[in-house]
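Order of writing sets the labels: A, B, C and D. Residues in every chain begin at 1.
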Amino acid sequence: MSAALPLPAAAPAAFSLADYEQAARQRLDAATWARVFGAAADEHTAQANRADWAALRLLPRVLRAGAGGHTRVHLLGREWPTPLLAAPMAGLGALHPGGDLALARACAAQGAGLVVSERCGVDIETLAQAVRAEPGRGPLLVQITWHPDRGWMRQWLARIAAAGFDAVVLSVDAPVQGVRDAERRVGPAPIPPCPNLQDRPPLRPDPAAGLCGGWGALAPSWDALAQCLADSPLPLWLKGVLHPDDARQAAALGAAGVIVSNHGGRVLDTAVSTAWALPRVVDALGDALPVAVDGGLRRGTDVLKALALGARAVLIGRPLAAALAVGGALAAAHALRLLRDELEAALLLTGTPHPAAACRDLIAVDGAPLP
Amino acid sequence: MSAALPLPAAAPAAFSLADYEQAARQRLDAATWARVFGAAADEHTAQANRADWAALRLLPRVLRAGAGGHTRVHLLGREWPTPLLAAPMAGLGALHPGGDLALARACAAQGAGLVVSERCGVDIETLAQAVRAEPGRGPLLVQITWHPDRGWMRQWLARIAAAGFDAVVLSVDAPVQGVRDAERRVGPAPIPPCPNLQDRPPLRPDPAAGLCGGWGALAPSWDALAQCLADSPLPLWLKGVLHPDDARQAAALGAAGVIVSNHGGRVLDTAVSTAWALPRVVDALGDALPVAVDGGLRRGTDVLKALALGARAVLIGRPLAAALAVGGALAAAHALRLLRDELEAALLLTGTPHPAAACRDLIAVDGAPLP
Amino acid sequence: MSAALPLPAAAPAAFSLADYEQAARQRLDAATWARVFGAAADEHTAQANRADWAALRLLPRVLRAGAGGHTRVHLLGREWPTPLLAAPMAGLGALHPGGDLALARACAAQGAGLVVSERCGVDIETLAQAVRAEPGRGPLLVQITWHPDRGWMRQWLARIAAAGFDAVVLSVDAPVQGVRDAERRVGPAPIPPCPNLQDRPPLRPDPAAGLCGGWGALAPSWDALAQCLADSPLPLWLKGVLHPDDARQAAALGAAGVIVSNHGGRVLDTAVSTAWALPRVVDALGDALPVAVDGGLRRGTDVLKALALGARAVLIGRPLAAALAVGGALAAAHALRLLRDELEAALLLTGTPHPAAACRDLIAVDGAPLP
Amino acid sequence: MSAALPLPAAAPAAFSLADYEQAARQRLDAATWARVFGAAADEHTAQANRADWAALRLLPRVLRAGAGGHTRVHLLGREWPTPLLAAPMAGLGALHPGGDLALARACAAQGAGLVVSERCGVDIETLAQAVRAEPGRGPLLVQITWHPDRGWMRQWLARIAAAGFDAVVLSVDAPVQGVRDAERRVGPAPIPPCPNLQDRPPLRPDPAAGLCGGWGALAPSWDALAQCLADSPLPLWLKGVLHPDDARQAAALGAAGVIVSNHGGRVLDTAVSTAWALPRVVDALGDALPVAVDGGLRRGTDVLKALALGARAVLIGRPLAAALAVGGALAAAHALRLLRDELEAALLLTGTPHPAAACRDLIAVDGAPLP
């Protein structure tokens, strides 16, 4: 079904995103693998993210297809080719030389959006320039974290706006790094330098306050969010929301959107999966705010399920990192193409003409075989 | 318990349908195995089909047996020896020379019906002729797909009626092929030529409309079904229905029956299992239409459960393909005999005198060990 | 905890019933293993029998122990040392020379009752004589199947009463043998001759009536039960009941008790487990009839759970066959002693002074971790 | 995240409590391993203890961190550095020379409390003296069992009070040893001598009363608890409570607290897990009594979940025994530090400023992915 995109000669045949993850495991050193593909503690949440999407059962409709089917979505005041975006990932340069730009080009070529990490290996202006002019590109955002120095934050938000991004994403789910046993076991992986934050003042938690006291004092609060919203020229999304009440609060304060995420299971192990949280956040928000989601989506049917549960867009992380590691931009584009083809097949096979038509009736609510 | 049907000398001993699937795996090349026995994507639905039948728990009655027990069923205005039918499968010639006729003869010999695939390797007239005169045969149907050329469809429906089939089955669950990773991994399997559709105009989806736009424009709609119902001299069943509302709509338009099916898990992975969908479709239809089911039935107890949940007949696919591959007509007949014997034992052991007496009280609704 | 019963020199150390089953597997030929330890079809029910007892969670009480704790139970108008009985098993002579008498002696020595199979390898008079005089023995019953020749049945029931049994047990769950793939795969095991039924007229099902028609005509009905109840000088229990309505009907006709059983999963695969059926049958009967249960009980905690769910006694089958195969009477007695010791520990550790004090509050109804 | 505590040279790298258990298995002989790390029968409860904590899903809040976060808790009228306590364990000397004192020092160094076993290898006065003066230590308790000689019990309780303990813990869940197949299989492990109970009169159960009658007569009752409460100069907690009604009864009689415990799955297999029992006991007690819990807690997130379900403190057993076996006091302190760091991270990542702020809303009640 997928077009025969030429892969680099040494690349293995890949027919699904899982194939890329398996191939990347063969190629990467243990430390880099653990940094990118490992998760927190016993990795229950990372596994539940994948398993819970797969476990949702689709209840397809027949005889509803027709001319005019498409994958386009509305977001940030515009229409985009697909609901797919690349998730923010730091250190892509360790997977492929110039990995950030390679991923950006792959996304633009496949109509997928891109959320650039503030810790990417290229200055954000260069990256924005490479993408903005591409016809058929998806939305372009940059993901940031909070810093207590409000002046510096204001500058940083202004710089992002000036670079031509469509919106900014504030991550709020990792005030401290998770318990990364996998990484600690194999030792630190070299992380490529990041040119964007060199002037940011360092954070120095009070060692006498203990771990939660010290880092807690430096963590963002709802007031911090209010400041960012006031200081950002661009619409600002909140990333890392799982509790419906937090989503409501974000809406009340003026956020432009919410990304349901548990950081790919990388910070708080045994947190709820994003498939569990998404419909609850969507119900809490109603039409107040658009919602996106990431974490464990690996198939076109997973994307369709997220749309059916109310997501406007989905973010794809590790599988694109894996494709990058396997074959650079071309492989990343191929991975996105595979996913897009799978999504188109899923739309057609469930009688869903386009993403906005996906509704919750597509999901079989009760797993029990008997009424 | 099963009669000692002689198997071909080289055939392995088989005591259940699973034995045939295992033996076929040893004999078939990887590409043919993947084409026939593979399923879509991660094969969740193909596995759930089997697991959900097995997971249903029977609550047998005692001291209810008696003289006169039998396996006969009413369907299409007649009584037939058993509720078993062979499911439509293309390319049986790749499993056994003359596979379509071999399977047809096996079915007739065991009182099982047959749903011939339009893509079978023999013209349907020859096939109908070989079966119709057999005493004790089951119902004879042909499975078709929709084509936008109404004139050609009308001819095709007329030709089927003229050949002497009992009814026609329109598949509606595969407007596009599924995501068949397993097949793509091993490469294409040669499919034997099909003599029935040589005059059918080719389908040419608009390449500019994308996968779902292009194939969607060529897919059947409810209007298409209405046309077929108007144009078919024979009763027409709909195959591939999972949603109760679609079943209701089929009844409203005049379909003669509904086959609950997810195409053996071959098109939309993570679709609900047929054991899940069957009772809901039956409840939606009440007495309006007879319902058949396929997907994952491997044991006589599975067949009994389908009957108890309201199915009038069940279709068996891959296990018969496996038996064909192992030992031709004789093995296929043996497989049907095994299943029929198991069904007879299940009827007797649950105090169910005949298929129509199977009711939902036979199924233990709540898996919890305590009231 | 268990007394140091001397085992035969060659016997392996066994600390639980499971140890005996494992040891027996090493010693028995494949055909005998399959005949005794195999089950029907895919053995779902045989596995569920064990798993469902194990899965029930106990909610023990503290500070309730005290002097006077014991394992005695009332049954058939008398008090017996324990609620344990050996289940009826044919062909024990293939496991150990003189296996039936060996098992009988082991039961008597450990205060366990015995349900002799009518197909045992010794005449029932000899067996009864060997047990009846033993001080501290448990109840002594014989298990029979129905035969359409009422005159012969009347003689057989009279002979059982004359031999001095305490009651008779009519099996009603196997009007036809189950689908025993495991046995068919390895071929028939030699079954030792049975001296008890040599004068019983053979059953000759009508070959033209099919499996369920032919055997169904020879199967017992509720009328047959009424005849047996009228003809039996001894109290008659019904064995093989799973449906609450069948239990009610047995009570209405005058049966003396009901044994909840699925024949150890040997006849109808995917039938409900006995842990699932027991409380439902008990609730249906109220105080009308005593209930016993078999199938999958392997631990003292399993026995306690059965008592808590309302069973008056439990039957143990395969584990005693295994012990017999491993070390004859001594090993069988040791296995019963292990189970009895485990039961005593379970009583003490849950604050249950004796079997009749076990109530349903001991079972944690809801497996969910949160209220 | 965890401080770089120096481990003994030969100690393996350990990044979680599970690492210590794995390393200990390599170092200990089979008998000692079975004695300390084995559990009752088939170890269902020991496994459920761990699995049920892990299976609870956290629903974290964002943007709630702030200055002043800490791990302090109130207990026994004082504030302590952490909610962690070492569980009572006998025979620690077999794991490390002077194991009891080593564990005591590790706890004091990490702000963890200690529940000394009455069967420890050092006299309780020495142990209390070593801990009481440590700044930043946690609560210090001694765990006892009941003895029918009230005079001796009164002396023993007075001696504990005189030694300077903060409270005493009466174990009530093991009136008889559990069915320890694992231990019986490998044979007895040498247990180091215990200096504390040398003057305690031996228990001699009546051999004619059977296991449950004999040991039952020597087991504690609610009257025994009332005596202990009357005779103890120190507050007395009850350990081994699972049933809400038993917790209520303990409160009514004047106990100072309740420890929800199933003895680590070592006595009654298939008893409910402590994660299952805790919220039910907490709900039964309301504010009447503080509740602690042990059994299967291995991660900081497990500790947070216990706090969220209403526990005031948690006891950690086998993991500390494992660390002791691997590297003595330093390793035990490191293990406690790992757990404390994980707890701090979990507090921060869920927006919980301190243990008393953890509430049930942190736990996702329904595992189903859809509302």
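The rule is simple: a contact is a pair of C-beta atoms (placed from the backbone, for glycine too) under 8 Å apart; a residue touches a chain by one contact, two chains touch by 3 or more.
Keep in mind it's a predicted model, so treat the numbers as computed, not measured.
Student: Applying the touch definition from the top, give me the chains sitting in contact with each of chain C and chain D.
Tutor: none
Student: Over half shared or under half: which fits the residue numbers at the contact of copies chain A and chain D, same or different?
Tutor: Under half shared, hence different.
Student: On a C-alpha centroid basis, what's the spacing between chain B and chain D, in Å?
Tutor: Inter-chain centre distance comes to 59 Å.
Student: How many angstrom lie between the CA centroids of chain B and chain C, rounded to a whole number?
Tutor: About 42 Å separates the centre of chain B from that of chain C.
Student: So which bits of chain C are touching at least two other chains?
Tutor: Chain C, residues with two or more chain partners: 56.
Student: If you connect every pair of chains that touch, what shape comes out? Choose line, ring, star, complete or other.
Tutor: It is a ring, because the chains touch in a row that closes back on itself.
Student: With touch defined as at the start, can you tell me which chain D residues reach chain C in the complex?
Tutor: 41-42, 44, 48, 52, 55-56, 172-179, 181, 184-185, 209-213, 215-217, 219-222, 224-225, 238, 240-243, 245-246, 249, 267-273, 275-277, 279-280, 283, 309, 360, 363, 365
Student: For a test of understanding, state which residues of chain A touch chain B in their complex under the given definition.
Tutor: 1, 13, 15-16, 18, 54, 56-71, 299-301, 305, 341-342, 344-350, 353, 364, 367-371
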